[in-house]
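Across the two complexes that follow, subunit A remains constant while its partner is subunit B and subsequently subunit C.
Then we have the complex of A and B:
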C-alpha cells in the first residue's frame, strides 16, 4: 500500500514538474527580450504557478526549485547514460531535441555549474537544433542569475568561434562583462572574459580606458577592475596607442610633486622627455613610440593622483595602495626600458628581464626622475620601502640619501 | 549597485562572538562522522546539485579521512567500483559521475583516489595518459576537455595526473607546459592567473607553483615577490583570503599555505592566528568546516581545513604533501619527490 502511495506521489510530483518546465519554456517562447532570471525566495506553495513573468524578468519560486531541478537533472542524465548512438538519434530528431532543450533550459538556470549540460547544448548547436543568437541570449540570462558563471562566459566564447570577428557586437559583450562585474565584486571570470574581448577588439582600447576609470572610482574595493586597468595600460603601450594634442598635465603634475620642473622654453613633449629620458639617444626610438610612452605614462600618472585622492576621500584601502604602486612601477619600468634601448614588454611575455634585474645595470644617480622617485617612495613607511626593494630595487642605501 | 564596496577594510569577517573563546580544539570525531555520513541521505538537495563534481567530492572525503587516520570508515570496494565506472571507454578520461562527461579535473581526482587506495591497476592507465596528452595545445596549455577551455588549473591537473601514474617522462611536452604557466605570471606581483594577463589568485598560484614543483622548475619563481603577495593574504583575524580586498576563506588556508610550504616560506605567515581562524570555521553541531566562521560546512572546506591544520603541524593529523594535496605516506610509497625550496 505504501509503495503504491509513493509511486502515486512521485507521479504527481513528476506531472507537476513537467507542468512547471512547460510554463518556464512558454515564457521563453513568448518573450524574445527576456533578460533576467532569479529564484524567488518563497518557501510555501500557494497552489498557483511558481513561474513568475514580469516585464522581461523571469522568476521561479524557491519551494519548487529542488523538485524541478531533480526531475530535469534525472531526465538529462538518463539521456547521457544511453549509448552514443542512441544519444545521437535523439539529437538528430527535431521533437526529441526540442524536448531536451526544455530540460536544459530549466536545469541550467537553476544550476549553471553543470558542465555536461552545457556540452549537450553545444551538441545541439552543432546539429543546428539551437541557434547561436538564442544561445547568446540564454547564456546572458544565466549570467543575470549568476554573474560569476564561468561556464556561461566560456560558452559565449565557444559560440563566437563560429562567427567572424567583424560581425560580432563587441561593445555589447563589454556591457555584459560590466553588468556582471557591477553585480558581483571582484568577479574574476567577468574581467577575464573582458580581457578576451579586448584581445579580439583592440579598437575598444580608448573606450575601455574611459570606462574603467569610472568603474574604479565607484567600486573602490574591487581589485579585479584595477588589475584589468593595469593590463589595459600595458596593452595600450604595447600597441603604441596615443591620443593627439594630449596636454599630459597629469604627468607634469606628478613630476612637479617629485620636485622636477619641466623646462618652460621647449614644448611639452620635449620637456617631459628631457626629465624622463635624460641623455637618451632619441633617434633610436620611433616618434610614435615616444608619443605612446608619454601618453601612457600620463594615464599612469593620473591614476597615481586618483589613488591619492580616493585615499583622502575613503581612507586607506589595499586597492588604492596596490594600484598606485603598479602604475608607478609602470612609469619607472618604461623609462628604464627605453633608456636601455629595450622593446616594450608584452603582457603575455614569459622570460625577458624583469625590472628588478634591469635596474642594477643602470646608473640611477644620473637620472633625476629615478633618484626623486627613490627618495620619495622609500620615505613612505617600512612596508612600502620593502615593496620598493623587491619591485624597484630601490632599497640600496646611498650616501646622498642619509 | 555593488554594496560590498562599503564593507569596512581589513575586517576579516569574523563574528565577534567567537573572539572571547579560549583556544579552540579540533573536533576530530565530529569531522570523521561528518565525512562518513556525507551523501548518505538520498534526497539531499545539495548532494544532487553537486553531482557534477562527485569524483572530486569523494577525493576530498577520502583524503581528509586518511589524514585523520580513519580511511577504513569508507567502503573501499564500492568507491573503487564507482571510480572504474566513471572512466570513459572512448576518451580514457574520467567523469565526475555516471552520465556526466569526462574532464581533466575529475581525471586527476580519480587517479588521486586510486593512488590512496593503491588500486591504479583497476583502471586503464594508458588510456588516461592518452587522454591527458591529447588535451595539450601547441602553446603548452591544456584544454579541460574536448570543448576547449584553457586554464592553468588544467595544466596542474595534467602534470599531477601523469606524475601519479609515473608517466610524466615521454608523454606531454613538459617544457612547453612550463612555458605556458610562466606566461601566466603577473610581473606586478609575481602571482599567477588562469590565463596570460589574468589576475593573480591564490588557488591558481597553488596550481602553478605545484606544476613547477612537480617539474622541478621552482627556480623560475620570484620567491620574494610571490612570498610577499601570499603573506599579504593574511588578515588581522588570522584567516587568509585569495586576492586583495576579499574575505578570508578556509580553502585559502590550503592554497596559500601549501604554496608557501613548497617555497620554503611557511614561517612568513602567523600560524597561531591562522590555526585559530581555521578552528573557528568548524561546525560544532554537525562537524565539518565551512568557508568562514558561522557558515554552513561542506566537504570541500573540510578537506582544506584539515589540510591546512596538517601543514601547520597539528598533532592528531598525518602529514599532508603540499604539492599533491595527498597524505605524504602515499607520495612516499609511490616514490614521488616533488621539489621543495629550502627554508629561508
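Then we have the complex of A and C:
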C-alpha cells in the first residue's frame, strides 16, 4: 500500500517537473530577446506556475528548482548511457534532439557547471540540430545567471570558431564581458574572455581605451580591470596604435612633475622625444612607431595622474598604487627598449627579455628621464623603493647611498 | 564599485519616521529582486532614522552597503544608501545639500502630515543620477567645508543601531511596510546566503 502511494507521488512529481520544463521552453520559443534568468527565492508552492516571465526576464521559483533539476539531470544521464543504436530505435533523431535541448536548457540554467551537458550541446551543434545564434543567446542567458561561468565563455569561443572574424559582432561580445565583470568583482573568466576578444578584434582599441577608463573609475578596487587595461596598453603599442593630433598633455605634465622642461623651440612631439630618448638614432625606428610610443606613454601618464586623483578622493587603495607602478614601468620599459633598438613585446607570446634583464646593459646615468624617475620615486617610502629596486633596477643608486 | 542606490527624505516624528520623498536606482540588482530590495532599503532607512538623535550624523555599514543618515535639529532627515566604497564625506555633503534644497522648496508645515505625492519636490532622481560619480560633488565639498568628519558616528551593522532588546529578525517579521513576499524572500535569502542580503 505504502509503495503504491510512493509510486503515485513520484509520478505526480514527474508530471509536474515535465510541465515546468515545458513552460520554460515555451518562454524560450516565445521570447527571442530574453535578457536574464534567475532563481527567485520562494519556499512554498502557492499553486501558481513557478515560471515567471516579465519584460524579457525569466525567473524560476526556488522551491521547485531542485526537483526540476533532478528530473532533467536524470533524463539526460540516462540518455547518455544508451548506446547509439538504442537511441536510434527510441525516437526519430530530430524529435529526440528537440527533447534533449529542452532538458539541457533547464539543467544548465539551474546549474551551469556540468561539463557533460555543455558537451552534449556541442555535439548537437555539430550535427546541425542547434543553431549557433540561438546558442550564443543561450550562453549569454547562462551568464546573466552566473557571471563567472567559465563553461559558458568557453562555449562562446568554441561557437565563434565556426564563424569568420568579420561576421562576429565584437562590440556585443565586449558588452557581455562588461556586464559579467560588473556583476561579479575579480571576474577572471570575463576578463580573459575579453582579452581573447581583444586579440581577435584590433579595431576595438580606441573604444576599449575609453571603456576601461570608465570602468576603473567606477570599480575602484577591482584589480582585474586595471590588469586588463595594462594588457590593452601593451597591445595598443604592439600594434603601433595612435591618434592623430593628440596633444600629449598628460605626458607633458608628468615630465613637468619630474622637473624636466620640454624645449619650447621645437614642436611638442620632438621636444618630448628629446627628453625621453636622448641621443637616439631616429632613423632606425619608423615614424609611426615613435608616434605610437608617444601616444601610449601619454595614456600611461594619464593613468598615473588618474591613480593619484583617485587616491585623493577615496583614500589609500592597493589598486591605485599597483596600477600606478605598472603604467610607470610601461613608460620606462618602452624607453629602454627603444634606446636599445628592440621591438615592442608581443602580448600573446610570453617570454622575451624582461625589463630588469635589459636594464643592466644600459647606462641609466646618462639618461635624464630615468635619473629623474629614480630621484622622485625613491623618495616615496621604503616599500616603493624596494619595488623600484627590483623592477626598475634602481639598485645601483642604493649601493651608492650605502 | 562606486554606486549610490537610493536617496530619501524623512520627517522624524515623535514615535515614527514619515517618508516624505524617495528615489532609487536598482539596475545592478537581478530583475526579480528589485522590488524586495527597494522595500528593504526603505525599511532600513526608516529604522535608522528612528534610532538617530536629532542633530546627529551616522554611517551604518551592512554587508557591502553603507547607509548614511543625517537627522537635522528640526527633525528633517536625509538618508543615502551607497556602496561601501562611496566616499563618506561626499555622501554627507550631499545629504546636507538635499535637505537644504528640500527646506527651500517645501514649507515646514507640510512635513508632519503631507503624503509623498503631496510634497512638491522632484529633484531626487536628478541628484541620484548626477552624483553617481562622486567627483561631481567637488564644488559642493568646497562650499560646505565645515563638515566635521570626525563627528560622524560609524556603526558596523544595523543591529548596532538598534535599541537594547530589539532584534532585526523580529522587526522584519512585525513590520507592516514589508510585503509577505519580501519577508519570505528575506528568510530564504538569509538561509541560502544569496547576494541579496540587505537588512
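Just so it is clear, the second predicted complex is superposed on the first by the 386 of 402 C-alpha atoms of A that agree within 3 Å, B and C clash if a C-alpha of one lies under 4 Å from a C-alpha of the other, contacts with A are read in each partner's own complex, and residues count from 1 in each chain.
Criterion: a residue touches a chain if its C-beta (ideal position, glycine included) is under 8 Å from a C-beta of that chain, and two chains touch if they have at least 3 such contacts.
From a predicted model like this one, the values you see are computed outputs, not experimental measurements.
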Next on the checklist: Output check: A:354 vs subunit B and subunit C. Expected answer is one of first, second, both, neither. What do you get?
Outcome noted: first
Next on the checklist: Applying the document's definition of touch, where does A:218 land relative to subunit B and subunit C: first, second, both, or neither?
Outcome noted: both
Checklist entry - Now for A:182: first (subunit B), second (subunit C), both, or neither, which partner does it touch? => result both
Next on the checklist: Is A:158 touching anything from subunit B or subunit C once the two structures are fitted on A? First, second, both or neither.
Outcome noted: first
Next on the checklist: Just checking: does A:70 make contact with subunit B only, subunit C only, both, or neither of them? Give me first, second, both or neither.
Outcome noted: first
Checklist entry - So, does A:227 touch the first partner subunit B, the second partner subunit C, both, or neither? => result first
Next on the checklist: In this superposition, which partner touches a larger number of subunit A residues, subunit B or subunit C?
Outcome noted: B
Checklist entry - Counting only touches as set out at the top, which of subunit B and subunit C does A:78 meet: first, second, both, neither? => result first
Checklist entry - What residues on subunit A does subunit C touch that subunit B touches too? => result 182-183, 185, 218-222, 315
Checklist entry - Any idea which subunit A residues touch subunit B in the complex? => result 66, 69-70, 73, 77-78, 80-81, 84, 111, 113-116, 119, 122, 154, 158, 182-186, 188, 191-192, 195, 218-224, 227-228, 230-231, 315-319, 322, 325-326, 329, 345, 347-351, 354-355, 386-387, 390-391
Next on the checklist: With touch defined as at the start, can you tell me which subunit A residues reach subunit C in the complex?
Outcome noted: 36, 38, 40-44, 52, 54-55, 57, 59, 62, 182-183, 185, 217-222, 313-315
Checklist outcome for this item: As the complex stands, subunit C meets subunit A at residues 1-3, 28, 30-33, 85, 87, 133-135, 181, 184-185, 187-189, 192, 194
Next on the checklist: Show me the residue ranges of subunit B that touch subunit A in the complex, using the header's touch definition.
Outcome noted: 1-2, 4-5, 7, 9-10, 45, 48-49, 51-52, 90, 95, 98-101, 103, 145, 147-149, 179, 182-183, 185-188, 193-201, 222, 224-225, 228, 243-246
